[in-house]
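One chain, chain A, appears in both complexes that follow, with chain B as partner in the first and chain C in the second.
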Partner chain A sequence: MTEKIKTDFEKTVKTSAFSEKDVALKEKYLNRFIENGFPSRKLENWKFSDLNQIIKKNIGELSFYNNDSLPNKVDTSIFVEGLEHNKIIFINGRVEKIDFTYEDQDKIKINDDFKFMDEFKNSNSLLSLNNAFANKCYKITLKKGYSMKKPLVIYHTTNEKIKSRNLNLRLEFELEQNSSLRLIDLFKDEAENNFVNIFYNFDLKEDAILKNYKIDKVINQNIRYSYNNIEQGKNSVSETFILSSGSNFSKNEINCNLKGEYSSAFINGIFSLNNEQHHEVRTIINHLIENTKSFQLIKSVLGKNSKSVYQGKIFVDSKAQKTDGYQLSKAILLDETSEFNAKPELEIYADDVKCSHGSASGSLDENSIFYLMSRGLNYQQSKELLINGYLLDVVEKITDSEIKNLIKSMVGISE
Partner chain B sequence: MLKINNLNANIEDKSILKDFSLNINPGEVHAIMGPNGSGKSTLSNILSGKKGYEISGEVLFENKNLFELETEERAHKGIFLAFQYPLEIPGVNTNIFLKTSLNAIRKAKGEKELDAIEFLKLVKEKAKELKFDEEKLNRQLNVGFSGGEKKKNEILQMSMLSPKLSILDETDSGLDIDALKVVSDGVNTLRNKDNSFLIITHYQRLLDYIKPDFVHVLMNGKIIKSGGPELALELEKKGYENFN
Partner chain C sequence: MDTREKDIENLKDYKYGFSTDIENIRAPKGLNEDVIKFISNIKKEPKWMLDFRLKSFKRLQNLKEPDWQKPKYPKIDYQDLYYYSAPKSMSDKPKSLDELDPKLLETYKKLGIPLQEQARLNGIAIDAVFDSVSVATTFKDELTKQGIIFCSMSEAIQKHSDLVKKYLGTVIPTTDHFFATLNSAVFTDGSFVYIPEGVRCPMELSTYFRINASQTGQFERTLIIADKGSYVSYLEGCTAPMRDENQLHAANVELIALDDAEIKYSTVQNWYPGDENGKGGIYNFVTKRGLCKGRNSKISWTQVETGSAITWKYPSCILKGDNSIGEFYSIAITNNHQKADTGTKMIHLGKNTKSKIISKGISAGFSDMTYRGLVDINPKAKNSSNYTQCDSLLMGNKCGAHTVPYIKNKNFNSNIAHEATTSKISEEQLHYCQQRGLNPEEAVGLIVNGFCKEVLQQLPMEFAVEAQKLVGISLEGSVG
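Let's look at the complex of A and B:
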């Protein structure tokens, strides 16, 4: 891989407009990545999902060079209907369009030469890879007191022009005091067997609200990694919802730093997997000051040969008295070949805290199926109704009713 | 309508029903009384198609071999079981469930499926008859319902689906007197020359409200005596142990 990645890096530098300083910085990250390689199961965080093996097995040799100088045509048929929204469109990793039509233009700042943050706490070699290859990093700032009128949908799309490629996407968001953003990440791939590596950094100032909904629904053979770093000031709220269902492999990491008093973080997720799919959600919530709160609910429905992993860590600093931390993960295994791994971790250094975790897994209740079938529903209908019901409370946690309804219709869940 | 001939049922080598035979004609109400463990619930489970029993013998429903039908097909043909312990189904709205069930059966019968408005009209009417709190129809199925409400919900489902053969498995247990009356009224409303009932109970009390045509005493998996409503009174007086 080393020779290939070096050649691809040189090609990337040649076709880009990086300054000398940028190139030097990127080279540093490249070398750091080469030194560490893709994360493997030797690392505690990756013991359930050996990315190095997964890439080898599913893709073989990756190509890291992407010619970003040529634009792609935007396929407007992918746009979400029935929801007025702003757009950022990624095609094959290139930002094709940024459209904030519905917003006051002086309340949003978009900056495209934002310099990468050196390191996030708890990150990994994939950040170095992202730093080395990401072409442009846009930073979007919501000005003080501004609540975006319409949601922002980020379309993550690929087309058949690429294969066995590594794509690196990067965005920065700053939510100034008392501003709010509703952000939907929508994944839609036509290309297969690529490795997509996404980093987002959110900086939430006092009273800011972030709602991020990640929808990976359409079946595809790609390998996806997504990392959200969320810094939270006083009284800020972050809500993350993950529908993890479409990709062949997916790992979502959420690292949340509750730095301001009365800040809170909510993470809710659904895994709905089948046929050899393997998905993971790993969360780290750092309670760093008094009176912060976190809540997590993750549910899995696992079909034949599929596997889901939930690693959830709650860290409570010695200063963080009155922390309220909760996490629950549950799984329904539909087949004896399906697998669910949960690793809850509590690391608590304060003495006046309320923290709990739980995890449960089992099969669909045969008695409930019999009950429904005795009312004339066939096995498939009964199963679907039970699974719908099982997942409904996760979707109900979505606080934005407009988006909740959208997601319900996407998932096919009815009330 | 229902012919059971020499039905034997085992569960894990334990014999539960032994050469059980029973004949129910259209319009008849049969009561089966028996002590705990006599095989009453096994009988109702087998008739509804619950898996897990080793079965021999013959059960015909309208001259069709019942064992060739899946649980839902039996429901489509008009068999209804009111559960002794109705299940709580989290996340499933009672109305949606009722509508899905009703339309599944209507579709199987070749009838037109009801749209939301037609359905709501019907369900509201039935709920009112049964003094079933309408607000509960918008809640998750049986979740947080009291024992009595769950049983009433069974009878509501029964009256929505208007089955040919209704099996009531200890529907009276856990009901107060008022609820017992409401439930009985529900059954009596549905009673006509075509519909039959199999009422499984421990106590004679329910039979004061729903007058059976036949009473059978079930002990150790066998009917040991059959008779008219007077048999229930005799049983109540003597108790199961001294009966025989």
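Let's look at the complex of A and C:
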């Protein structure tokens, strides 16, 4: 791999317009990645999902070079209907379109040659890979006091032109005081066997509100890794919803630093998996100051040969008194071959806190099915009704009603 | 002064911190083949035992010390330890208690361990282990009548060679992790228990461990076999003198329960925890594992962990037989600079297996407490279930309480439920108790005992009383 990645890196540098300084920095990250390689089972955080093996098994040799010089045609049929929205469109890892038509242009700043941050706490070799190969890093700033009128939808699409590629995407968001952003990530892939590596960094200032909905629903054979770093100032609120269902392998990591008093973080997720799929969500909530709050709810429905993993960590600093942290993960195993792994972790250094977690997994309750069947439903209908109700609980946690309805119709959950 | 105050007065400093001036025989310092041969030779072991040790030692060369645990400690120089230390008078083993070195008897008297059979009112058979050797086993005759074997490991290797050979290393093989393998290579003594088919052991069996000599590690090995349909309850207690250095204790405990058998294993661990600045104390790195080999078998671990500078252990159950049950009840208390990383592993292999984990952690002062546990239900373990509850109580904001459970469910008709909470003693509860005339310390003691009740209930009577006192004493001075 080392030879391949080096030649691909040189190719990438040649065809792009990086300054010398940039190249040197990128080279540093490249070397760091080569040194560590893809994360494997040996690392505690990757214990349940050995990415190195998964890439080897599903992709074989990856190609890291992407030719970004030619624009791709935007297929308008992918756009979400019935919802007015702003767009950012990625096709095969290239930004094709940025469209904020619904917003006040002077309230939003888009900077396309933003220099990325060096390090994140809890980051890994994939960030080095991303730093080495991501060609452009856009930074979107919402000015003070501005709430976006319409949600922003980021379309992540790939087409059959690429195969066995590594795509690296990078976005930075800054939400200034009292601003708010609703962000939907929509994944739609036609390409197969690629490794997509996405990094988002959010900086939430005082009173800012971020709502991020990640929807991976279309069945595809790609391997996806997504990392959200969220820094939160005083009184800020972040809400993340993950629907994890489409990709062959997917791992979502959310790292949330509650740095300002009265800030809160909410993470809700649904895994709905089948046929050899393997998905993971890993969350790290760092309560760093007094009076912060976090809430997490993750539910899985697991079909044949599928596997879901939830690793959630609540960290409470010794300064962070009056913390309220809660975590619940549940799984329904539908088949003999399905598997659920969880590692809900608490690391607490302050005494006046209320932290708890719960985890439960098992099969569908036969008594409930019996109850429904005795009322005239057949087995399949009863099962569907129960799963529907079980998942609805998570979707109901979405605070934005417009988007809640959109997601309900996408998932096919009804009340 | 009422009794409680007196107890506190007695125990404010570590009551068992004295050391006994006794002449020792030691193996040469260091860890090498010669030392292992020395140990094996002095214990007059058969060749297979020496081979077992050497095989383990060979493997140990390629093993690295694990480093994933939460409490970090300075590197241990394994060449700077004595691996065998025994009171000199034991080299010709005394035939009866009367021949025992009076100094030894006195030590045990000080510790409150009745070795004289006159103390038979207590009704507990005791095997006392002093540094590396077992010094006395009480109530032997009565047990022999029922066919129960309760003796030191060295004796068992010689007298019940076939049993030891058949079972030793079957639960903790020589190919296990670093500390377990180290123990397999250099273990010195310990207890051996065999309960024959259909026998219900009439009394509690107990082992008392004492580290006396300095610069020694204690490596004992306990093997308990409960044959078909038998029952045994086994207790373990530990103390050590106060010393500035850190001493290593790396024991292996293997339990095997055959069809319909039940083993109840209780520990009250009160090794020297180090002084209030965290100097000295025992490193308690113990491997305890039980195998529910037969159908309908049951293994239950109960532990009260109040001592040791670092406690790092996970008493585990391998539920291999169908319908077998594993239980784990634990109270772990850390104060001052103590650190604990403890929990359990429940590995479900057989059908209809059940496990239950109740863990209570209390940390005070500058201490750090981690619950780490694994529940693994294999694809073949149909209809299995697990219930886990781990609660932590924090006193002050200089200490930490952590929960790291690993949950693996690979079977669709098995259920796993896990709950964990972390909190402090509420002001209202304290206020209520104080209103009724308790002073703050008594109030905390009462609330903490209530918090631990579920686990304390599992202990045999005599132990429960002692443990309850210990809980109160360990938290001395942490209020306010």
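Of note:
Just so it is clear, the second predicted complex is superposed on the first by the 415 of 415 C-alpha atoms of A that agree within 3 Å, B and C clash if a C-alpha of one lies under 4 Å from a C-alpha of the other, contacts with A are read in each partner's own complex, and residues count from 1 in each chain.
Following the convention adopted for this analysis, a residue touches a chain if its C-beta (ideal position, glycine included) is under 8 Å from a C-beta of that chain, and two chains touch if they have at least 3 such contacts.
Everything numeric in this text was worked out from a predicted model, so none of it was measured.
Of the two partner chains placed by superposition, A:Ile5 touches none, neither chain B nor chain C. By the document's definition of touching, of the two partners only chain C reaches A:Lys343; chain B does not.
Looking at the shared chain after the overlay, A:Asp393 reaches chain B, while chain C stays out of its contact range. One of chain B and chain C touches more residues of chain A, and that partner is C. Once the two complexes are laid over each other on the shared chain, residue contacts for A:Cys256 go to neither chain B nor chain C.
Once the two complexes are laid over each other on the shared chain, residue contacts for A:Ser374 go to chain B alone; chain C is not touched.
Judged by the touch definition given at the top, the superposed model places A:Asp335 against chain C, while chain B stays out of reach.
When both complexes are overlaid on chain A, the residue A:Leu171 reaches neither chain B nor chain C. In the superposition on chain A, contact is made by A:Val353 with chain C only, not with chain B.
In the superposition on chain A, none of the residues of chain A is touched both by chain B in one structure and by chain C in the other. Those residues of chain A lying in contact with chain C across their complex are 44, 318, 321, 331, 333-363. By the touch rule above, chain B contacts chain A in their complex via residues 48-51, 70-72, 74-76, 80-81, 83, 86-87, 89-93, 96-97, 100-102, 104-105, 108, 140, 157, 161. Looking at the complex, you find that chain A touches chain B at residues 365-368, 370-379, 381, 385-386, 388-393, 414-415. Interface of chain C with chain A (complex): residues 68, 379, 392, 394-424.
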